[in-house]
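The chains carry the letters A, B, C and D, assigned in the order they are written, with residues numbered from 1 in each.
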Amino acid sequence: MRKIVADLHAELVRYNLVAWTAGNVSGRIPGEDLFVIKPSGVSYDELTPENMVVCDLDGNLVEGEHSPSSDTAAHAYVYRNMPDVGGVVHTHSTYASAWAARGEAIPCVLTAMADEFGGEIPLGPFALIGDDSIGQGIVETLKGHRSKAVLMQNHGVFSIGKDAKAAVKAAVMCEDVARTVHVARQLGDPLPIPQDDIDRLYDRYQNVYGQRSPR
Amino acid sequence: MRKIVADLHAELVRYNLVAWTAGNVSGRIPGEDLFVIKPSGVSYDELTPENMVVCDLDGNLVEGEHSPSSDTAAHAYVYRNMPDVGGVVHTHSTYASAWAARGEAIPCVLTAMADEFGGEIPLGPFALIGDDSIGQGIVETLKGHRSKAVLMQNHGVFSIGKDAKAAVKAAVMCEDVARTVHVARQLGDPLPIPQDDIDRLYDRYQNVYGQRSPR
Amino acid sequence: MRKIVADLHAELVRYNLVAWTAGNVSGRIPGEDLFVIKPSGVSYDELTPENMVVCDLDGNLVEGEHSPSSDTAAHAYVYRNMPDVGGVVHTHSTYASAWAARGEAIPCVLTAMADEFGGEIPLGPFALIGDDSIGQGIVETLKGHRSKAVLMQNHGVFSIGKDAKAAVKAAVMCEDVARTVHVARQLGDPLPIPQDDIDRLYDRYQNVYGQRSPR
Amino acid sequence: MRKIVADLHAELVRYNLVAWTAGNVSGRIPGEDLFVIKPSGVSYDELTPENMVVCDLDGNLVEGEHSPSSDTAAHAYVYRNMPDVGGVVHTHSTYASAWAARGEAIPCVLTAMADEFGGEIPLGPFALIGDDSIGQGIVETLKGHRSKAVLMQNHGVFSIGKDAKAAVKAAVMCEDVARTVHVARQLGDPLPIPQDDIDRLYDRYQNVYGQRSPR
C-alpha cells in the first residue's frame, strides 16, 4: 500500500496537476482503521514506499519519520465518514481551481463527464485549514452525489474513489474536463446534454460497462 | 500490425491528446476483414503488441485476452462502411472537444488546415454509445467530405486515414489546428482564406506533393 | 553553493518558467558578501557547478570564466539592501509576465496564494536595465511586503527567499497562481477571500506550520 | 553543418513549436552558395546528420537521398536575397500562428521583445506555396526591419539569423512573446513601452551587450 500510494503521486506530476509539493494522495489500508499518506515537505522525486506515513482515522501519525501532509485532517475526516471510500486525492490543478475560485460548479457538457461523474462536478464551501471544516465540506458535498470530485471554493479539488488509484483517476479526469469545458466556454455556450442521456451514459459506464472491466 | 498499432498510441500521449485511458487507435489488417485495436482498461504505458486485440468488422473479439476498447463498435462500423479506410483514431483532445461541446465546426483559416483537411473540420451529430449511432454519425459526416476528422458533438474526435499512422496524423493535426484557431478567435476574427486558394492548397498537398513523398 | 544554484535552474526548466536562456537563479554565500549566479549565455543543459560565477555585492565578477548573467546588477542590489534575503530568481514566466504587461497586481483569490504570498502579488515599476533602477524597484516593492515575488511592469518576475531554493519555490508558485487566477478571470470574477481569512492562512503557514517542517 | 542543423530541430520539439513534421530549420554553408535543410517527410526522431539534404540557392537538391522540405523554395529565396542571413526557420507555432490568422502584428509590450526584436513582430502577406511568393513576402517584410521573425498571414512564422542557431532562438522567442502578449491581451490592454525605451533596450542588447557575449 505504501508503494502504491508513493507511485500514484507520479501520475499527479505526469498530468501536471501539482506544482512544487502542493498535492497529495492517500489510500486506506484494507481491513484496518489506518491510511497511508504523503509526508509533508517531501518533493515528488523523493517519495519512496519507506518515507510514506501511516495515520489513524483521526489523522494521528502512527508510523513514519516525517510529519504527515498538512491536508491529513481532511483525508482522515473523509475516511471516518465515508466507509466506502478507499482513496482520497487533493490537488490545486489549474482549471479546476479556476472554477473553484469563481465559485462555480462545472456543468456536464461532455459525454466523458457523464461517464465518469454522472453530471456536474459540484462546488463545496469555502473552508479554512486547521479543523474539520474542509473534511466536512467534502463529505457534505459528495455524500449521495454521483461525482467523485468536489471543487472547494477558492482552494482546489478533492477527489475520492474505491481505492487510491480510482481517486487519482477522478482527479485526472476532473482537471481534463475542467479544462475542456473552460475552453469551450471561452468562445460561447457549450450545448447541454439532456438529463436522461447523462443518466444513460452514467448508468452504462458504472454498471454494464463496469461489470466487464474498467476502460 | 499489432506492433504498429501499439506503438502509435505513444503519439497520442506525446501530443497530449489523451488523459488516463480515454483514446484509442485501430488499424485494418490488409486483405482481411479484421482490425487490430487497443484493449479496454490498459494504460498506455502497458500496451504491447501481445496485448492488442483483433476484432472482425462486426466488432466481435477474434483474438486477444482483454476486452476490446469500449469504442470498438464505432471503429468497426467505419471499417464496414468505408472500405478505403485503413486506420481509425478516437480522442477527447482538449481543443477539438471544446469545439465539439459548442457544436461548431472548425473554420479553415490556416494554410495547414487547407493542406491536411481541405477546408473546415466538420461537426457530427450527438450520439450515444451502445449501438451503431456513433459509427453512423462518423460515416455520414465524413463520406464524400475532404476532412479526415470529425468532431462528434459533446464528445470528441474521430479521425480516419489510409492506414493507422495517417489516422493518427489527422488526430494530431486536428488538435493542433483546433487549438490555433481557438487562440486566434479569442482576440478577434481570423481572416478567411478564399475557397479557391483552399482548393489549390489541398490539391497540391494531396496530389503534386503527395506523389513525391509525405511531408 | 555552486552545485545548489546550478541544479535549481533545472526547476525553472521543469516548470516551464524559462525560454532559451532568459531566467536565472542566484544564492548568497552564507557569511560572506558574495553570491553565486548563472553565467551569461550558457544554456540550462550546460550549467555545471564549475561554470557558475561568483560576484560581490556590487555585482563585480570575483570568480568564474564566464560573464555573470546580464541581470546581475539587480540581484546584487537586492542582496545589498535586503540582508535577510539568501536567494533571488528572475524569470519571464508567461502568466506572471502577462499580468506585468498590463501593469496589474495579482489579487489573492486562492488559499495557496494566502499561504505563500500572504495577499496579492504586487506590481513593481517599469525600469530599464543598465543601472540600479530594477534593483531599486524590487526592493521598494518587496521591503515590508509579505509577498516574496514582484511583477516588474512590462518585464517579468523577481522572487526572493531565505535561500535560493525558497526563491525558486516562490517563482514556481507565482507562475502557478498567476495562471490559475488568469484562467479564473477569463470567465468571470473570482470570489474574494476576506482579509482576516488571508491573515489567518498566512499566519498559520508561516508560523505554526513552518515550525514543524516546510510543506 | 549537417549535424548542427539536424540537432537544432530538437529545439523545435523541446519548445513545442511543431506538430508531426510541420517545421524546419536550414543553415547556410559558410563560403558556399549552398544550404543544409530538413528532408521532407522524416519525423524529428529520425533526423540524423546523414539524412539532412543540401540544396543550392535556387532550391535544387545537390546532395541527399530524400527530397528537401516542401518549404525549401522559401528558404532558398531568403538566402539568395539576404546575404547576411545564415539560418532560416519555419514553424506553425500556436500563438504566433494565431496572430497570423487574424492578420495582426504582435505589439512590443515586453522588454524581452524590445531586446530581441527591437519592436513589433511584423505581419507578412498571404502567399501560396508553389513559387517565390512566400520567399518574397518574407524578404519584403524583414529587409530593413529590426525583427528577425515575420508572421505570414494565415500561415505561420519564418525567422532568420546570422546562423541556424540564432534563427532557432528567434523562433523560440517569437512564440514565447506571442503567447505572453496574447495572454496579457485576454484580460485587457497591455501597457505600451515608449519608443525611445524600446530603442535603448534594443541598442543595448544588440551592441553593448552583444560585444561581450550572447545572453
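As a working rule, a residue touches a chain if its C-beta (ideal position, glycine included) is under 8 Å from a C-beta of that chain, and two chains touch if they have at least 3 such contacts.
None of these values were measured; they are calculated from a predicted model.
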Each chain counted as touching chain A and chain C at once: none
Set of chains adjacent to chain A and to chain D: B, C
Shared interface numbering between chain D and chain B [over half = same, under half = different]: different
Chain at maximum distance from chain B, centres defined as averaged CA atoms: C
Turning angle required so that chain C lies on chain D, C-alpha fit (0 to 180°, nearest 5): 90
CA centroid of chain A to CA centroid of chain B, Å: 31
Distance between chain centroids, defined by C-alpha means - chain B, chain C (Å): 43
Contacts with two or more other chains, residues of chain C listed in rising order: 186
Category of the chain touch graph - line, ring, star, complete, other: ring
Which chain pairs touch, all of them: A-B, A-C, B-D, C-D
In the complex, chain B residues that touch chain D: 15, 109-112, 169, 172-173, 176, 179-181, 183-184, 186-191, 193, 197, 200-201, 204, 209, 212-215
Partner chain B, residues of chain D touching it in the complex: 19-22, 40-41, 66-67, 69-70, 92, 94-95, 97-99, 101-104, 126, 128-130, 153-156, 182, 185-186
